[in-house]
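Please go over the structures that come below.
Both complexes shown next keep chain A, but they swap its partner, so chain B is in the first and chain C is in the second.
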Partner chain A sequence: MINSYDIAIIGAGPAGMSAAITASEAGAKVIVLDDKKFAGGQIYRNVCNSPIEQVNALGPDYLKGRSLVERFGQCSAEKISSASVWHVSNSGEVLFSKEQSTTKLTAREIIVSCGAMERPFPISGWHLPGVMSAGSAQVMLKSDGVVQDDAVFVGTGPLLYLIVAQYLRLGVRVKALVDTTPKTNYLDSFSSLPGALNEYPTLIKGLGLLKEIQKSGIPVYKYAQDLAITGETSANGVKFQSGKQSYNLSCDHIFLHQGVIPNLNMTRSLSLDHHWSEQQLCWTPTLDSWGQSSATNISVAGDCSGIIGAEGAEHMGRLVALNQLSKLGIIATDIRDTQALTSQHRLLRFNRLRRFIDRLYRPKEDHRIPTQDTTVVCRCEEVDLATLRQEFERGAQGPNELKMMSRCGMGPCQGRQCGHTVSELLALWRGEAVKEVGYYRLRSPMRLLNLTEFSDFSHIEPTRATDTSQVQIQEVTR
Partner chain B sequence: MFRSISKSTLQHIPIEINGKKVNVPEGITVWSSMALSGETTTRLSPVTKQQRSAYCAMGVCFECLVQIDGQPNQQACLTLVRKGMKIQKQVILENTDLVENGDHIVEGGTHDK
Partner chain C sequence: MNADALIIGGGIHGCSAAYYLSKLGFKVTVLEKDWVSRHASGVNAGGVRLLGRHPAEVALSKASMELWANLDEELDANTGFLSRSHINIAIDEADIETMNQRQAEMHSLGYFHEKLIDQKELRERLPAIAPHCIGGVVSEVDGYAIPYQSTNAFRHAAVRLGAKFIEGSVVHNVRKVGENWLIESSQGQFEAEHLVNCAGAWADKVAIMIGDNAPLSFSAPMLAITSRMPQFISPVVGAVNGVLSFKQFENGTVLIGGGLKGFADRDKNQTRLDYKKMAANAYHAADFFPIMKTASINRMWAGIEAYMPDKIPVIGKSLNADKAYHAFGFSAHGFQMGPIIGKMMAELIVNGSPSLSLDAFNISRFEANKV
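Let's look at the complex of A and B:
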C-alpha cells in the first residue's frame, strides 16, 4: 500500500461509494476506508452478501443498492474494509486501525462520509436490557439474519415502518406498533407537501408501508404519548397514552426509533464549523453547495452532512468528488459544472421531499428532552436528568462544563448518545436558542484503541483551528 | 428470544460465551452470536453494577463492550466471530483497580473471573 493519495474517503455508504467511483474514473488516486466487512453503509448493508434466503422481502429500495455496490467494487479506488479511522487531521493525515494495527496515510483532499445514526430516545427506562433501537433490528436482520419475535416497535419515521413491514413479510411475529407521530404533525407538514410531490413515488411507497402494516392485523396505536419503559433490571413492558386511553403492554423486547441524525464525531473532532438545523433538530456541519466544509481540504457528503437519504447521498457524493477533482486540477471547472447538473437537480428535489418528511416525522419535544428526574441521559456514565439539573444550577451552563461537573458525555460513546439531548436541555434551561448553547468539544482518538497501538505513534498531527478567512462558506439551507 | 433466519447452508463454527460452548453461523457478529445463544448481557454498568445489553448494534452506543479472548472493551456489534473465540461479559467497575493479562480482573481485592 502506498501512503499518499489525492483523495481519502471515510465511509463506504452511498455517498462514499459514489464519490469513489466519480473520482477514480476521472483518474484520481483514491482510497476508501470503511469499518465494515462489506461496502454499502447501513442502508445497503450486506446487499450483495445477504445471509437470508428471502432477501426480496427487504424491498426494492434495499435491493437497488446492489448495482452501486458492484460498480464500487469494480472501480479502481483502493478499498480497505474493516478499518476503523481514529484520527483525521485537517493537514490531511488519516490514521486507521485494522486488525489491531494502525496505518497512517496522507491525502490532499478528504471526504467524510460516515453516515447517520439513530436519534437518541431518552425516555424513562430506555437504558434497560431488552430495549434496542429499531435500526439495530435492521442491522441484525441484514448482516446476520437475526430476528426477534413478539417485540413492540415504538416511535415515528419511515425506518420504523420499514423494519416492521420487513419483519411481517418474513413471518416474524410483531406484538404491536406504537406510533408516536403527533396528530398535529400531519397538519403542520401539509404546507411542505406540494414541494414533495415531484418525488411522489417515494411518498406512495411510504403510504404503502403503513397500509401493509395495518392490513397485517397487528395492533397499531396512533398518536401515542407519555411513554415509559417499565421494568427494574430489564424491560418488561411499555406504558403510554393513546387517544383517551392508557395502555401497558407487557413485552420483553422493545425497539425504539425517532429518525436519524448525522454521525458527527468525526466532523466535530476536526473542529469544522457546525450549525443547529431547526428543520432536522440536529447539529449539522456548515457546508457550501459542493459539500466543502470550513477546512480547505475537507468535504462532507451524505447523511453526515445533514439527513438526505440514500439516493440524495449518492448524488451528493458525486458532487463532492467533482468539486475536489476540480480543486486538484484533474478536471476543469466548466467540466465540473456540466457534469454536476443532473445531481444538483435531483438533490434539489430530494431536499424538498426532505422538508416534508422532516416536518411529518418531527419527534415530539418530550421524547427528545427528558422530563422525568430519573431518566438516564448519559448511558455510559449513567447520569440522570436530576443530576444534570443540579449541576446546571451549580453553574454548569455549557455542554463542556456540564460534562466536567457531571461526567455526562465522558464515557466510551464520546457523547454520541447524549450530546443532542444535552444541547437541547441546556437551551431550555437557559431560555436561549440551541445554537447559543453549542456542543461538546471532541478530540481523537475517535474509536477505542489499545495503548500498545496508540504508543506506536510518537507524533500525530493535531487538528488546527480553521483559518476561516481562507474559506468563504455559503450555508445551504435544507 | 432472538432467532436466526439465515440460509441453512451457512457453516457453523464453535465458540465459547461465558464458558458455554455454542455453535453459531460463520461470519456473524459477536453480539448476534450472544443474542442467538441467549447470553444477552454484554457488561455490567461501571456505575450501578446493573446488567446492560446492546442498544444500537451499529457501533455508536458502546453498550456492548465485552471481553474477547482476554482483551476487554471490544465492541461486540462490530467484531465478527472467529472459530474458537472466547467471549465474556465485561465486568469492569469504577472500583476495579487492576487488569492482569487482560483476563484477571481484580475488583475490590477479590478475583472476579
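Let's look at the complex of A and C:
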C-alpha cells in the first residue's frame, strides 16, 4: 500500500517555505518540491549561496530572505530540490521529474505556491533575439553572477527599478532607463495612497530606488510611449516617444518589464475556478480567505494566488498551512484562528499597499494588447496579430477555438506568454468583459518532458508510516 | 425556426452531413451542446486511414478516401490532409502470421489496397526504424489531416450553403408533433422534418429520446505530442500487434497515440489521463524508433469518444421512429469516414437510399442480440 503525505507543497519561495515550516512544526508529514537547486523562489534565489562577492549590492529586501531560507532548511519537511512538477491532479496525485526519472506521490492536501511570472510585453519586435525580460537579467545575476553591459531597460514597476539599481551598484554600465509609467497613473493612484501609508517604509524604499537611478546620471526617459523594438533578425534598437520628442536608441540588449502576474499553468491545468482581477489585470485563482481553491484539497499561496509580494506571500503561506492543519485534524479550528491573527492583519495592510502599487504601475493598454498586425503574440508558434484577427473573423470566438485554428498557445510554454494577451484581445474584439472570454484549457505536462525520463516511473512516500490514530491535536510552536 | 433536417452534434459527422444535405438543397440546422469540433472530432489523432479497416467498413472507407483526396477543393478550405501512406509494422513471426491471414481475408473480399512489405522495403520506407522490425503492411493512399480544421472546413462550407449552427445548445427533449420533430434545447425550440443523431459519446441519450436503444460506452483515448523534431518519418505508422500509432506532422511535431484509455466524465466534459500507462506507451514508440528517446513531450490529452460493443458504428435509419437517423459510435476510427458518412446520410435522407450499403451498421443489429 502506498502511503500519502499530509501536505505536498509545490514551490519553495516565501509562501511555500513558510507553509512548510508552519505545517512541519505542527507534526504534519510535509513534502516540498522545488525546481531550483536552492530554496528561496525568484525573490530569494541563491540568497544563502550567492555567486556574487558584493552581495550587499542586491539590497536588504533580498538579504532578509536568508533567515527564512535557513529556518526552512532546518524544519522537518522533506525537501526535494531540482524537482520539476509537471502534473498535479485534484485527486491528490503529484508527478515530477528529477534526474531523468519520473516520480509519483500522493498527498491529502496540496499547496500550489509556484509564484509569479513577468507579464508579457507584446510590442513590435519583442520576440527578437537580444530582447529579454528584466526578470531574466535578475536570474542571471542571482544564479550565476552574470550581467549585461550597455543594455536599455524599458517598462514600469518596482522590479524594473530594482534590477537597474542593482546593476548600477555593481558598476554595470546601463545605457538608459525608458520608463513607460504614464503620467496619468500618478494622479490615478493618488486616491489609494492613504491606504498604503501604513506600509510607509516599503513605500519609501520603492521611491528611493528611482531617486538612486536618477542620481547615477544614466539617461532616464519618462512617460515613454509608442514603443517599438527595431531590427530584422535581432534587436538593434528601441524607438519611443517621450514628452514631445521621438527617440531611437541603438542597442543590442533590451530588457523589458511591466510587472508580474500569477504563474497560472498549474492552477489552470487543475481546472480550478479563476476570475479576472481588474486591479491587477490578470487571471487569479478564486480562493477563500484561507487560500482554499474550488477543489477541496488544493490551496494556493503567494504570488500565484494574485500578486502580494514576498512578505505577503510568507504570511499567506502560514495561513494556508494553518487551515490545512485544521482540515487534517492536526490542530483545532480555534487554534488555527488564534495563530492566524498576526498574519491576517499584516496581509490586510499589504493589500492596501498593493492597491496603490497596482494603480501606479498599471501597464498601458497598448503595451498589453498589441495594435500592429505584424506584432507576434505567440512566440513559440510565431503567430502574429493579423493571423489571430483573421481566425477570429472566421468564427474562432474563444481562446480554445482560436488556439486550435491558429496554433497560438500550442507551443512548449503552454500559453504562458500569450494567454493573457489573447484573453484581452478577444474581449476587445467581442466587445465583452475579459471574464466572459475565459482562458485556454491547459494540458499536462506543465513543461517539456523528455520521453526517457517520463517512462522511468516510480513513486515515493513518507518515510514514517502514517498512523492517524497517533495524530494528536497539538499547538503550532513558532 | 423550421428546417428540413436538424442535426444533433457538431462533430465531423454532423458537420459533414450538414454540408452534403445543404448541397442537395436541404435547409439544415445543427445543434451543438458545446462548440463545433469541441470533442473527439477536434482532438483525435488525425489519422486518415484505410489500412486495417473492419471488413464491413472497407467500401465506405475507400470511398471516403477518394473524397479526402479532393476535399480541400470541394470545401474551399485547408483540412491539412496529406497522403503519406500508412504502414503497420511487424516485429515477429506472430505478426507476420496475423498479416498473412488478414491479406487472405482482404483478397477473398476483392480488396487489394493492403500490400505486404519485407524488412528491406520497410527499412527503405522508414530509415529510422529499429532493427528488430521485420516487415509490415502498407496502404499507399492513407495519410493524415488536422482534425479541428477539417471539421470546421465542413462547417464553414455548410454555412456558405445556408446551414445554421447553434453552438451551446443542449438538447433537453425530442418529440414528434404531427409529421415533424420538435426539439427543445437550451437555446429554444426547433422544428424539422428529419432528425439526425450525430451526438458522438452522448448519442445514446439522443437515441433514447428518439426511441432507440444503443449499447454505447464511452472512454477517453489518450494522445501525446512532442515538441518539434528533425523530420525522420513521412508515413503514418502503427504496430501489427497492437497499440502503437504514430505520425510526424509537417512542422516536426510527433503525435503518439494508440488508443490507450484514460477516464472520461462526459457529464462534466472532463477527461483524466492515466500517466503511468501513457509513460509505458510513449516508451513503446522508442522501441520502434530509437530517435524518440530524445523526444520531449509537449502536451498530453484525451478526448471523449463513443464505442459500440462490436467496434463498428451505428449508421442509418432509426429502428423505431420515422424520419430519424443515426451516425455515431465510430469507436475511435471515425475521423477518416467523416466525408463519406455525411454524403451517405444526405443520400439516405433526401433520396431514401444511399449509393453505398449501410446495412451492416443499422441500429437494429443490437435488437437481435436477445439474452
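Simple rule for what comes next: the second predicted complex is superposed on the first by the 448 of 478 C-alpha atoms of A that agree within 3 Å, B and C clash if a C-alpha of one lies under 4 Å from a C-alpha of the other, contacts with A are read in each partner's own complex, and residues count from 1 in each chain.
The working rule: a contact is a pair of C-beta atoms (placed from the backbone, for glycine too) under 8 Å apart; a residue touches a chain by one contact, two chains touch by 3 or more.
This structure is a prediction, so every number in the text was calculated from the model and none was measured.
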{"item": "Touched chain A residues, chain B compared with chain C", "value": "B"}
{"item": "Which of chain B and chain C A:K211 touches, first, second, both or neither", "value": "neither"}
{"item": "Touched partner set for A:S271, first chain B, second chain C, both or neither", "value": "second"}
{"item": "First (chain B), second (chain C), both or neither touched by A:H345", "value": "neither"}
{"item": "Partner chain(s) touched by A:G411 [first = chain B, second = chain C, both, neither]", "value": "both"}
{"item": "Partner chain in contact with A:L95 - chain B first, chain C second, else both or neither", "value": "second"}
{"item": "Contacts of A:N450 with chain B and chain C, given as first, second, both or neither", "value": "both"}
{"item": "Touched partner set for A:M117, first chain B, second chain C, both or neither", "value": "first"}
{"item": "Chain A positions touched by chain B in one structure and by chain C in the second", "value": "411-412, 448, 450"}
{"item": "List of chain C residues in touch with chain A within their complex", "value": "35, 37, 42, 148-149, 152, 156, 226-227, 270, 272-273, 275-276, 278-280, 282-283, 285-286, 292-301"}
{"item": "In the complex, chain B residues that touch chain A", "value": "1-7, 10, 25, 27-29, 31-32, 35-36, 40-41, 45, 47-48, 50-63, 65, 71, 73, 75, 77-78, 80"}
{"item": "For the chain A and chain C complex, residues of the former touching the latter", "value": "87, 89, 91, 95, 102, 104, 271, 394-395, 398, 401, 404-405, 410-412, 414, 443-445, 448-452, 454-455, 457"}
{"item": "Touching residues (chain side chain A, partner chain B) in the complex", "value": "35, 37, 42, 51-54, 84, 117-118, 127, 129-133, 135-136, 139-141, 143-149, 170, 172, 233-234, 263, 379-382, 411-413, 416-417, 448, 450"}
